[in-house]
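Here is the structure we will look at, set down as structure tokens.
All chains are identified by letter, namely A, B, C and D, in their written order; residue positions are counted from 1 within each chain.
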């Protein structure tokens, strides 16, 4: 997939975004990639997903893109979201470093919980522990210094780098219907099923 | 987007219309526009919508296109329409001049209310106040003259240019099902999600 | 629509057919046609429909294509079919000569009625009166001769050419689900909404 | 359909797979093929289907592709699967040699049964009797020898080549929603309805 000049290469950005008081939620499908095998056969290389991006609010209608957190829903997790009824909740757990040497260090948790009055849902992302972003290191080093003084008194030095981040975005029934309808549309695309086509006899002639 | 001769430029008009005794309702998606950024990236420039057009009846099976009123539903409002159950109602408020110096002068209100017997819905557009169309000025000036004589007696001269227009179209369950099905189909398109495609390796060559 | 050699011209036949003891039902979308107006604008010329074709059985797994009867569902009638619940019925009346001088001579009636046990539906077409097909004239002339002898005794000579044809096809829940799903898919296509596309900037060049 | 170099020829593999303890289930649409008739007309030649492939587990996260069993759902059977509610079950019977001289020798049975607690379904394939695969003959000949000694005592020599294979895959509600959504998407494609298009006037000019 190195390129060419074809306009088919253009990547299109069209997230569906919900901007609320404390955070924004932006949703966008990530399509699968394909690789060739045999002669003229393609198979899914990297699976597609539905990418949820949370941004914290830093003022009225202003959100901090640098502090975004992402959560990628698999096809089956999208199935779970689509089948969530007005009083149902669902929850997913991800380890971004699963199967690597860092497994277990970071834990991400996405939960969808209905409002008590049935008027929508709370969509929350919680991120426990994990490596800090480079742009946070200076800030944290300062905190470490301050805290280490306090903690040495109590003998507690564990976990001081473990941060918990949490974003909660209230989503109305109408917005959730958009998410469900758009995710139902996108599901076959992230599965790669939109690419399953038989050529018509009429289209072969060179 | 200045052109070329490609047939891909053709704009297609295919509204779904419901013609009733006092007014007609015509519905059609308006697709988003895209702009380029970076190298080979596109992003949504102007968001798409579902355009509702109301036309008053001026005789049997005749409707006045000049007196049409439009109401553009956003993706989230389409989500609200799609999730409207047989006994639910929904309502949207728009200010066509929002964020401009004329904000607040005109108020448009679209409401969808179920028939008491569950056989369909009333879809109504109400437009309060606002600038008059050029072709209405002569007519209104005449009214003003007549009314000013009457009103000066009562001392009431306020608001005489503020008009209220109202269109109500009864929509059967079958027609509403067409709207819901067609809007569900159109929703990913007005969001621009139909453009999210990964090139297949096989399509890149030369 | 004068042509060219493009394979895009190929018409594809892919009906969904249900073969039962007394009759078969075959369903297929008929897409709209478009005409040009202005420069580079297209509008729906002839609306699309969902065509239902009934064929009487003339032996085991044999159906008489010559005696077929057709019934074209409009977009709104498709909406009615799609919203038919497990215990609902729906019915449509068509006059194939509506707005012509033959109006009222033929009456077609399609009804969809649920089985008492909820295991599916009866889909029936009834056709009253109307002009005979050329290939039936010989057969009918013979009947007329025979009947005219009988009728002259009673003085009843009215209506002897008015035939009633009736086809009933039992459709299972699974088959009806296929019809509903496929009709939901086809609805935007028969409305012409699949043609509503905005060109991407990247697709314009040269 | 012999070829050409067009990338449109590429066959894409993108199964949706559910890997469980004792077996895996993989689902993928098989599209119809078309043949030409008349001038520029195409009709469905071989109908499409939804192909279910079961693989037995032979270790942790390892499945034996050689021992796979397939079951192809027709459009109507897909309709049945799509309309399966949370407490419904459905069952299909296939004879892979139907209409041939081997009819009745093999019987395949696919059943979908809900979990008692509503948390999903058991999807099972049972295959009774039938010709053995070539790679099983050696194994079976050994069994025959051993068994024939035992059986000659009882005089039972019938059916010793008749094997029963059974695969059961538990499928969660989320996974079943993916199947239903993806099958709803694929249904018009396996019916060939995605190929029903009218050319736009603008696309004809050579």
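Everything below uses one rule, namely that a contact is a pair of C-beta atoms (placed from the backbone, for glycine too) under 8 Å apart; a residue touches a chain by one contact, two chains touch by 3 or more.
Keep in mind that what you see is a predicted model, and the values were worked out from it rather than measured.
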Query raised in the report: Just how much do you need to spin chain A so its Cα atoms sit on those of chain D, in degrees to the nearest 5?
Result: 90
Query raised in the report: Same or different for chain C and chain D, where same means more than half of the interface numbers show up on both copies?
Result: different
Report task. Could you tell me the distance, in whole angstrom, between the mean C-alpha positions of chain C and chain D? Result -> 33
Report task. Mind checking the centre-to-centre distance between chain A and chain C? Centres are C-alpha means, answer in whole Å. Result -> 47
Report summary line: The positions of chain B in contact with two or more other chains are 10, 12, 32, 34, 36, 40, 42, 195, 200, 202-203, 205
Report summary line: The residues of chain B that touch chain A in their complex are 32, 34, 36, 40-44, 75-80, 82-83, 184, 187-188, 191-193, 195-206
Query raised in the report: Which part of chain A faces chain B closely enough to touch in the complex?
Result: 1-4, 6, 8-14, 16, 28-29, 31-36, 40, 42, 172-178, 181-182, 185-186, 189, 195
